[in-house]
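As structure tokens, here come the structures.
What follows is chain A paired twice: with chain B in the first complex and chain C in the second.
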Partner chain A sequence: MIVAEQKPLAEMKTLINGAENVLVVGCGTCVTVCFAGGTREADIVSTSLRMATKLDGSPQQVTHSTVQRQCEWEYLDIIEEQVKAADIVLSLGCGIGVQAIAEHFPDAWVVPGLNTSFLGLPTEHGVWEERCAACGECLLAVTGGICPVARCSKSLLNGPCGGSENGHCEIDPDVACAWQLIVDRMSSKGKLDALLEIQPPKNWQNSRDGGPRKIVRQDLRLVEFED
Partner chain B sequence: MSDDTFEPEILAFCCHYCAYAAADLAGSMRLDYPSSIKVVELPCTGKLDARYALRAFEDGADGIMVAG
Partner chain C sequence: MENGQSSASNGYHAGSTLERMLRAGHFAVTGEIGPPQSADASEIRHKAALLKGCCDAVNITDNQTAIVRMSSIGAGTLVVQEGLEPVIQMTCRDRNRLAIQADLLGASALGMNNLLCLSGDHQRFGNHPTAKNVFDIDSLQLVKMVSDMRDKKIFQCGEDIKGSEPRYFVGAASAPFADPIDFRPYRLAKKVAAGADFIQTQLVYDVPAFAKFMDKVRELGLHKKTYILAGVGPLKSPGMARYMKKNVPGILVPDELIDRMTAAGAAWADKKPADMTKEEKSARMAAWKAEGIQICIELIKELRAIEGVAGVHVMAIEWESAVKPIVEGAGLFPRPQV
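Now for the complex of A and B:
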């Protein structure tokens, strides 16, 4: 899932400063399950902003609504009237959600209420960890299902490095050495020899280094063919 | 309003199975408590949500009490 966390209330107040009507938009997908921007959080944020701005002596009208998925335009039609009525839309979606609202409603002014953090999973209640860097060329088959791009501090393709200390990374004793995990995993599967094969330099053009990415599936496109 | 006349509005969220029953019993025993305390029955205090507390404060409560 996409993991995000809320911006501090003071920052949200600054972002909506000057607006008379504010619409807080939650998202029912990733940020709901990481407790950052679902229905409940949208309600709490809007109530908190109403009270905070009232205490400041300049009360703002703050309402909230949550869509099933902010990152697809079709799901945004349902809030069209509310967006039109608002001076500012405070999105509690990830960065994709913020941009989807801004693209779908060009007249709206949309600001982010969350900081989008990473692609990850919950490892225990209240703890989320990064697992994928969306590098565009998955290596998990050769590393036993443990991603060195996302989980090794240096994103080494051949590891571990000299900074691996008793299974932990030199940058922080709380960070597991991804390559220690990989070695342990491959050993347990009897496939340690596979790591003797040196991984060549990765094509980072498929990652962010190649600029903004785009996938086009001609078989799925709705195109009108000319005669 | 001076401090000696201030009577806070308190919203008391009470569990159906214990605190609310106790409040009920208090009524049966003709015990009284200030009218500024408003009791809200919950099926369980586990049902209490931060949203309820925030809404109470927003609507003018000076404090909330959770009893369960």
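Now for the complex of A and C:
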């Protein structure tokens, strides 16, 4: 899932500065699961902003609403009236949600209430870790299901750098060394030999480096073709 | 060497002094220069003068510890002017495959012919922690890329190099004691398979542990396919020894050596640093440094006795004046002429 965290309240306050009516929009999908932008958080954020701006002596109207999935235009229709009534929409969706609102409601002014962090999973209650960098050409089959692109700090494809120590990455004792994990897993499966093969330079064309990405599935498109 | 058939008519991959020294069977000595955090050429010239004559070639670090410094190739040019042979260090942190190949064409045109391929320290450690890193290719892919530029006359994309190809004596690093430790000889094997002509290791202080690593290296036959230069460096103080043991991944410092360093400063042991005069402090520093140099000499002699060790890489960054006494003490001076 997409993992995000809230911006500090002070920053959100700056982002909504000057607006009379603010609409906080939560999302019922990934950011609900990571406790950053679901119904509960949208409620707390709008209450906090109401109180904070009141204390500052320039109270702002802050209401909130949560859609099931902020990253699809069709799920946004139900908040159309509320968006029209607001001077600023503070989205508690991921970066995709913010942009979906901006695209769907061109007249609205949308600002992000979250910092979208990574694609990952919860490893224990209250802890999320990155797992995938959406590189566009998955090579998990050669690394025993552990991603070196997202999880090795240097995205090394041919084995550990010299900084690996006691299972940790050189950048931080709290970060696991992906290559220690890969070597352990491959040897437990009796497949260490596979790691001796030289992985060629990666084709980054299908990752963000190749420019913004787009997938077109002709079989699923609803448009009629002339020929 | 079984590794790579040279296309050069003289039979050498690059014909650098370092390559010729190793090929002739001499025990090689390389040194290291860390470029300044400024455009100051005199600092490089000064360091080069200290190393000239006692090293066959000197590594020039590439934004070492992710701190911006004069570029390795820029500093290497100055080193060449001083009559010393550089080993250009190239990390994958700051440049993509385009920039690396372009810089290597330039360095070759400027007469540089030794290269050490590294992943590079993460920028989090340096003075620009907010930078974006590159890591387009890794150090092993870099070894392969430059070997192919030389032997196949192709760029990484597969296109032919029309005209002179850059000819480097290609090196890679090995960290014998870093985790996962059992994988280290295989990682070295991969680098050799990718085309590493020579290997420089992380600092070795624990000779028995290194000998064990070399047992595995010989079992894999790697010492016959590449030249292995063991990394050594003089300890400056007991504090430095303890710091390295505790904080630097992949460096083992036996307690025995820490004790020797401590004993070297025993005459001042009952004095608090605050109570010591300037003269006492410098006398203690001199005693520590002398012991550090002595230990380094002994390490070189022990490492030289291990089958498959083809030379030493002496790392005395910011203490370049230590290199000459070390090389002399180890009986490796004067350097053979090849």
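Please note the rule applied: the second predicted complex is superposed on the first by the 224 of 227 C-alpha atoms of A that agree within 3 Å, B and C clash if a C-alpha of one lies under 4 Å from a C-alpha of the other, contacts with A are read in each partner's own complex, and residues count from 1 in each chain.
Heads up, the rule we're going with is that a residue touches a chain if its C-beta (ideal position, glycine included) is under 8 Å from a C-beta of that chain, and two chains touch if they have at least 3 such contacts.
All values reported here derive from a predicted model rather than from experimental measurement.
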item	value
Partner chain(s) touched by A:Leu119 [first = chain B, second = chain C, both, neither]	neither
Touched partner set for A:Arg50, first chain B, second chain C, both or neither	first
First (chain B), second (chain C), both or neither touched by A:Val183	second
Which superposed partner A:Arg40 touches (first chain B, second chain C, both, neither)	first
Which of chain B and chain C A:Ile198 touches, first, second, both or neither	second
First, second, both or neither for A:Ile171, with chain B first and chain C second	second
Overlap of the chain B and chain C footprints on chain A, listed as residue numbers	none
Touching residues on chain A, where the partner in the complex is chain C	153-167, 170-172, 177, 179-180, 183-184, 192, 195-196, 198-202, 204
Residue numbers on chain A that touch chain B, as the complex places them	40, 43-44, 47-48, 50-51
Footprint of chain A on chain C - complex, ascending	92-93, 97, 119-122, 124-125, 133, 135-141, 144-145, 156, 173-175, 178-180, 183, 186-187, 189-190, 193-194, 202, 249-250
Complex contact set, residues of chain B against chain A	49-51, 54-55, 57-58
